[in-house]
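Shared between the two complexes below is chain A, which pairs with chain B and chain C, respectively.
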Partner chain A sequence: MHISEGVLSGPVLAGGWALAAGGVALGLRRLDYDRIMTVAILSAAFFVASLIHVPIGPASVHLILNGLLGVVLGPAAFPAICIALLLQALLFQFGGLVVLGVNTVDMALPAVLCFLVFGPLLRAGGKARVVGAFCCGFFAVLGAGGLTALALALSGEAFTATAKLILTAHIPIMLIEGVLTAMVVGFLAKVRPEMLSPGLSG
Partner chain B sequence: MTTRCRCGFFLAACLLCLATARDAAAHRVNVFAYVEGDTVHVECSYSRSDRVRFGDIDVQNAADGKSYLTGKTDEKGDFSFSVPPAARAAKADLRILLRAGEGHRNDWTVKYDEYAMAAPAARATLADAAPVAAQATPKAAPTTATQATPVAVPSVAPAAAASMDTAAFKALLETTVEGAVEKKIAPIRKMLLDDKEKGPGAAEIFGGIGWLVGIAGIAAYAKSRKSGRGA
Partner chain C sequence: MIDEPLSQGASLVHRRDPRFRLIACLLLSLAAALAVGPAAPLLVLGAGLVLTLLARLPPGLVLRRFVAVNAFVAFLWLALPLTTPGTPVTASFHGLAATREGVVLATLITLKANAVFFCVLSLLATIPAPALGGAMRAVGVPDKFAFLFLFTYRYLHVISDEYGRLATAARLRGFVPATSTHAYRTYAALVAMVLVRAYDRSRRVYQAMVLRGFAGRFVSLDGFAADRGDVAFLIVALAVAVAGGALEIVSWRGHV
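Here is the complex of A and B:
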């Protein structure tokens, strides 16, 4: 899901940076003093997640966990993902510095959108929360794949072919992340409800 | 607070267990190319075990981006091509560009010196060493060409005789040494390749987590000063 350096065209890179900057600023403004450590822990989880590799046929995909960050952090997922991606670019050479903006938007925007769309389900508690958390994990990856394909399409690759390739490769990851997010949210709701975004604890 | 810590540790521990359990490597493509005689071998991989199957290869002039040839990697992520004569004539560095799809891209540059020194491997046998050396000189590196040409051209006819002149000896020696060096550096090249394909190690992973904790600490400090809570 990390787009490499030198693939995208200038306007796409600039647009990515603009959106990412907006998202990060919004996330930081909403960030509460007490939640800084939570953000850091989840940022670390995201940072490590892409090392967990799942081989599927010819391709191989890795965990992304952006849905989980969306559920727990809300808009603060933007700065968390941005910093984790920056460190991945510097330390692992995944992605790159120039494409950091686009990569941040690709992964953080769907996460925050899922948080907004499935928020009511997450707040409902019980089974609805499990379903909501699964949907967040599932659709955040779906959205990330879609946005990656879109960014590539805007730079000249054929959209439908790329999107199909990326999305089919990521179907197992969508399911895995859905289940994982549901499990983690269930666990957190039981053990430490206030770690979930304010107003989400059932 | 203790429960929160426990949650965090639980999460981190789970992830680390998973991360170390698998052969840790992820989505970054590697390209590695080396010259053997007149052929350039390209190896493309995501990680040691995960090759780039049927990735698009574009061999370009590194200076102006003009494409010499294109192709696809095979099942094992390998691709070979002979140095394009146009590139040799232009003394161009070759940029080997790999597009693995889904936004994965990397490149590797083969310098002119690399393939110019490893000249065509046709000068092998003793008997035809002299004539072939004379033919090969325009293609060979500038240094060998200037040394060899004045001696080799007049010596073609006497070389047919049994006695071996200096040019033929030089050519033979060069080929032999090249072959021996090639054999010696093969394991080193393999080592370099392995190192390049190795995923991030523990140092990078824990370093990154340390950075995140540090950034969180700085953020908490800044916020506490602003709100006057820590003062």
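Here is the complex of A and C:
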């Protein structure tokens, strides 16, 4: 979910950068050098996972996994997502430096909010964990789609239709992300429960 | 899956100091992205095209990236001319008509997106990621962020290979992608296993670094050295960006 360069208006771009800088600074402040390597390599893992295409009917969608990133990394998801997007600009020229702020906020803010809201459910275990994990995956993509649509709508009324289209197109992706996040969290809870502990997510 | 063929080269652009390329890319992108009229994006697009030619990038690759970036622009062309309020220029079809304002807006976005694309392609993508990490620190990005960036990049290929092995193992066991619970469960297990292995690896790498005396600072052997060519290059980039801004102000005054 990318807004390409050249679409958004100046105030939206500046607002995106301000929010992104704040989020990244907050994420970095709570990140000590003990965990920095884990966050770096997990960011790489999420970058790779987001290149996986999952079939849905005759089409296929690529995973976003920002909800799962929030579950595992907590507030450190902000710098992690910013870096993943910077690498996409560097390696594939998707997006650029000016729109990086808005794109970071679109993806990272819902991820961190979901972590804060559903975090207690995740640590409860049993059915609550499944529900919490599904909600993280579902609402993180919903939030990302919503913020992307908002950024477009704020840049001019001409984009309102495009924004609605983007939001609608994301409904099946939300469901898939929710289901996959629930399954991945179940797997991690069995295999590496410490990855879901608040110690890692700060 | 992930490589950076653009960062390899010995062209005029590749020889410029990475810090100066990063700043130039930022300046030119800003001049194009913040413009309200077509003059500044056109100027930056010209500069980006010249730089892309000077960088002597592989033409096939440039074309593929160009098409990928313009797919989103094409999507906007489908919607914007019809959804922008204004004077219709085509016959109405089921109450929908392309408006002059919509076409103007879509043209402007096309110009801006491509202007920034060619700047990113020639100035940012030509910087090898490790040098970009150092350049970010030099222009004031926090150390921790640069550190995260460097190590995310460093392990991208390692983790990508790890995923490749897991995907091969799944295929060998007869896994076929499909829209089914079984397939989704397999994808979830694949993703989870990539994360578990990445996590385990990160603990080992961190322990190895602590063992070698890592205390939070990352010392690089490659220093940056700017020469007069770099300064001249940055001055030209700044001049183009300022000229773009000036054109913008002039045309804006003209409208008022």
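Note that in this section the second predicted complex is superposed on the first by the 171 of 202 C-alpha atoms of A that agree within 3 Å, B and C clash if a C-alpha of one lies under 4 Å from a C-alpha of the other, contacts with A are read in each partner's own complex, and residues count from 1 in each chain.
Following the convention adopted for this analysis, a contact is a pair of C-beta atoms (placed from the backbone, for glycine too) under 8 Å apart; a residue touches a chain by one contact, two chains touch by 3 or more.
Everything numeric in this text was worked out from a predicted model, so none of it was measured.
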item: Dominant toucher of chain A (residue count), chain B or chain C; value: C
item: Touched partner set for A:148, first chain B, second chain C, both or neither; value: first
item: Which of chain B and chain C A:162 touches, first, second, both or neither; value: both
item: Touched partner set for A:10, first chain B, second chain C, both or neither; value: second
item: Which superposed partner A:179 touches (first chain B, second chain C, both, neither); value: second
item: Chain B versus chain C as contact partner of A:116, first or second or both or neither; value: neither
item: Touching partner for A:33 - first (chain B), second (chain C), both, neither; value: both
item: Which superposed partner A:191 touches (first chain B, second chain C, both, neither); value: both
item: Which of chain B and chain C A:43 touches, first, second, both or neither; value: both
item: First, second, both or neither for A:88, with chain B first and chain C second; value: first
item: Chain B and chain C footprints on chain A, overlapping residues; value: 2, 4-8, 33, 36-41, 43-45, 47-49, 51-53, 55, 60, 83-84, 87, 91-94, 162, 165, 184, 187-188, 191-192, 195
item: Contacting residues of chain B [partner chain A, same complex]; value: 3-4, 6-8, 11-12, 15-16, 18-19, 22-29, 46-47, 50, 53, 99, 101-106, 199-200, 204-205, 207-209, 211-213, 215-216, 219-220, 223-224, 227, 229
item: Chain C contact footprint on chain A (complex, rising order); value: 2, 4-8, 10, 13, 24-25, 28, 31, 33-34, 36-45, 47-49, 51-57, 60, 63, 65, 68, 72, 79-80, 82-84, 86-87, 89-94, 96-99, 156-162, 165, 176, 179-180, 183-184, 187-188, 191-192, 195
item: Partner chain B, residues of chain A touching it in the complex; value: 1-8, 33, 36-41, 43-45, 47-53, 55, 58, 60, 62, 83-84, 87-88, 91-94, 148, 151-152, 162, 165-166, 169, 184, 187-188, 191-192, 195
item: Sites on chain C touched by chain A in the complex; value: 1-4, 25-26, 29-30, 32-34, 41, 65, 68-69, 72-73, 75-76, 79-80, 82-85, 101-102, 105, 108-117, 119-121, 124-125, 127, 129, 132, 142, 144-145, 147-156, 158-160, 162-163, 177-179, 183-185, 187-203, 205-206, 209, 214-216
